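Next come two complexes, and both contain chain A; in the first it sits with chain B, in the second with chain C.
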Partner chain A sequence: MPKKVAMTGNVAVANAMRQINPDVCAAYPITPSTEIVQQFSNFVADGIVDTVLVTVESEHSAMSACIGACAAGGRVMNATSANGLALMWEMLYIASGNRLPIILSCVNRALSAPINIHGDHSDSMGARDSGWIQLYAENAQEAYDNTIMAPRIGEHFDVRLPVMSCMDGFIISHSIENIELLDDKQVKDFIGPYKSNVPTLLDINNPVTMGALHLQDYYIESKRQQHEAMKKAKKVVIDVGKEYGKFSGRTYGLFEEYKLKDADIALVVLNSAAGTAKVVVDELRKQGIKAGLLKPRLFRPFPYLEVANALKNCTAVCVMDRADSFGGAGGPLFTEVRSALYDLPARPLMINKIYGLGGRDLGLEDVRKVYRELVKLAESGKAAKLYEYITVRD
Partner chain B sequence: MKQVFKRPDSLKDVPFRFCPGCSHGTLHRMVAQAIDELGVREKTIGIAPVGCAVFAYDYFNFDVLEVAHGRPPAACTGMKRAMPDRLIFSYQGDGDLAAIGMSEIIHAANRGENFTVIFVNNATYGMTGGQMAPTTLVGQKTTTTPKGRAVHGEGYPIRVSEMLATLETPYYIERTAMDCAKNVIKTRNAIKKAFTYQMDGRGFTFVEVLSICPVNWGMTPLEAMDWCGGPMKEYFPVGVFKDEGKRVV
Partner chain C sequence: MSKPKGWKDLPTGGMILEAGNADKYNTGAWRSDRPIWIEENCIQCMFCWIFCPDTSVTVKDGKRSEFDYQHCKGCGICALECPSKVKAIVMLTEAEGAASDALEKARAIAGKMAADKAAEKAKAGKE
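Now for the complex of A and B:
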């Protein structure tokens, strides 16, 4: 029987890893993700899992060791944050380019400089073009569930891509919540043994070379294959989310729609801030204001058709970004959502807010202000500012 | 009345916020005293690491650059080449220098770059909560080696000073310890010597300081000092590994 337990987001993810029981975990500590591997190393030391834990000397080496282990035919997991993910950059592309379904827990944290250890999305947003599937979680339960679904998504024969499962640093990683842990056997049955549809290294009957030099002759075909695999991932995410719901009671899709069906105004926001926004949506609904929320879960591949369909009846939409794309036409989530809506015959009015960088708190009043602005925008049809910072000193 | 003791000018008038018993506060003071005694505070630039000493700029009363984990030797290289008349030093822990930044330190030392490295070896990753470091002793319990560091799979602790001393170019390499007052003074003298060599343009200087981390070692500060002076020093002997200034030509 699944059981309710109180644990931090990090410990929840470590328990998902324990239940997955990967072959190899190679890691280097970095705040705020440290606790995941630290907790997991207890499971290794106590013989609760069969995993080989490699305490390497940097994140670059951690991801390199994961690539080696996965290429050799293992199920491989890892965790990191911020500059740790940035140091893995080179290897992220090599993992996806070699079609290695490595699972990485990214505990979102701001990138240096100035140095900061708190939660924002500049780390994973910077990695959005690295060919990894990206899942985002509002709370510890979702982070746990996403971690368990990640191997099924990444290892699917139509996909074969690495998966990054993200949650907010400190806000979720270090907060204790009640979550429901599945039975070990349920998880084991759900994920099944690691299988590969391509020969792995040292399969003497099927010798292969991975990552061999491709120049003008084949490089673009290789990238095209990644492109196609990424497109196919969307259906797999839906199928796996449904199957997961059948035994866990928690069904997952591409995004969560909160009171969005009849909404006039809506926010689009990732991760923990969605929890704050839901409280405000409830308040506004009581006042008779048709407010709604769209919380993306799958960011790569970005489900643009479905997002457009979900937002098409709104008059005004604000996308909230916890990362900036300096010099861009808005934050990374905004440019994605705005682009998705372009083909609609009648598009909602749109604005973008950059909020909460480096862990700056986003309070209920901050969200109320944004919704108030949306009400005005819906009435006037004119945005005062398309793209601006909030929760910031002027 | 004659004043016999004061805060070094190179330290700001703020309390240290390190854990109780930690060596960093004392070592920061030794660095500051060495700079004051040489009268070079206005010419000094420090490089802060990632790790417990990340807040070095909160305490040192001179310019400090914060760089990415492990990269201080490369940043020092660029800075010193741009401003050869300044006193430039990095202050790095064992995670920063001996793990993630191992390649940077070896190559900076091998090029004979004219700056000083203060390498704080406390045999653990302090900031992230006591994980195994490359310098963790065999059998030492850490949060990632709850049953003790095993040679099979995790290797032996790396003796960085000895390793760098195999290179031809470094000018001065010494290991000291913070296990008692006498050795704290020896540490300050080693740092002063390294800074003096640097100001004379002699080349790469490196002072490894065995330090204590009572919180992550699970010891009282006194037990930790004994452990530093005992098992740690046994594996990491203190002394001068290279001093070209003393070489008889």
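Now for the complex of A and C:
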């Protein structure tokens, strides 16, 4: 029977890794993700898992070791944050380009400089074009569930892509919440043994070359193939989310719609801030204001058709980004959502707020203000500012 | 050459499924200097075979044979390491090396190098 336990987000993810029991984990510690591998290394030391834990000298090496282990035919997991992810950058592309379904827990943290250890999405948003599937989680339960679903998504024969499972640093990674842990056997049965539909490097009867030179003659074909795999990942995410729901009671889709069906105004926001926004939506609903929320779960591949369909009846929408895309036409989530809505015959009015960088708190009052602005925007039809920072001192 | 594969037929991740395929790839095309082997000067020491950073010195029936110019990058290590009194390997430019009189040119250079060395040694002895 699944059991209710109190755990931090990190410990929940470490337990998901314990239940998955990967062949190899290569990692280098960085706040706030350190606790995941710290806890997991206890499981390794105590002989609870069969995993080979490779302690390396940097995140670049960590991802390199993961690539080698996955190419050899293993199920491979690791965890990192912020500058650690940035140091992996080169290898992220090599993992996805070689179609290696490595699982990475990204505990979202602001990138330096100025140096900061708290949660924002500049790390994973920077890696959004690296060819990794990206899942986002509102709380520890979702982070745990996403981690368990990640191998099934990435290893699917139609996909074969690495998966990054994200949660907010400190806000989720270090807060203790009540979560439901599945039985070890349930997870084992759901995950199954690692299978590959392509040769692996330790298959000595089928020697292959991985990572060979592709110049003008083949590189673009390889990328086109990768593009197709990413497209196919969407259906796999839906299927795996449904199957997971059958035995866990928690079904997952591409995004969560919170009171969105009949909403006039809506917020689009990732991760833990969605929890704050839900409280405000409930308040507004009591006041008779038709407010709603869309919380993306799958950011790569971005389900643009489904997002457009979910937001099409709104009059005004605010997308909130916990990362800036300096010099862009808005934050990374905003440009994605706004582009998704372009093909609608009648589009909602849209604004973008950059909030909470470096872990700056987003309070209920901050969210109320945004909804109040949306009410005004819906009435007037004119946005005062398309793209601005909030939770910032002038 | 067969028609290049489209993305749907390409092995996943551009993997190459055939072992030993590097042999088929002509990596000697961008060489700017070419080593010339002068058989009569060769003492069959196999230094060149050992030192070649590629596999461009071929061996047939236990004897050193011609260069594999499909893969030789013209680095010149073989010519430098050749211990023969009169060099059995001489570097020419790619254009000179590809010309019909390459071997004669190489012989002349090897001869001059040996003569120069002998003269230098004699001079050093007198002093």
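One rule holds in what follows: the second predicted complex is superposed on the first by the 394 of 394 C-alpha atoms of A that agree within 3 Å, B and C clash if a C-alpha of one lies under 4 Å from a C-alpha of the other, contacts with A are read in each partner's own complex, and residues count from 1 in each chain.
Methods note: a contact is a pair of C-beta atoms (placed from the backbone, for glycine too) under 8 Å apart; a residue touches a chain by one contact, two chains touch by 3 or more.
Not measured: the values here are computed from a predicted model.
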| item | value |
| --- | --- |
| Contacts of A:Met210 with chain B and chain C, given as first, second, both or neither | second |
| Which of chain B and chain C A:Thr55 touches, first, second, both or neither | first |
| Which of chain B and chain C A:Glu221 touches, first, second, both or neither | second |
| Chain B versus chain C as contact partner of A:Arg160, first or second or both or neither | second |
| Which of chain B and chain C A:Gly97 touches, first, second, both or neither | second |
| Partner chain(s) touched by A:Ile115 [first = chain B, second = chain C, both, neither] | first |
| First, second, both or neither for A:Pro199, with chain B first and chain C second | second |
| Touching residues (chain side chain A, partner chain C) in the complex | 97-100, 160, 197-199, 206-210, 212, 214, 217-218, 221-222, 224-226, 228 |
| Chain A partner contacts - residues on chain C that touch it in the complex | 4-8, 10-17, 19, 21 |
| Chain B-touching residues of chain A, taken from the complex the two chains share | 28-31, 34-35, 37-38, 41-42, 45, 53-55, 57-59, 83, 87, 112-115 |
| For the chain B and chain A complex, residues of the former touching the latter | 50, 54, 66, 68-70, 99-100, 102, 125, 127-129, 131-132, 134, 143-147, 153-154 |
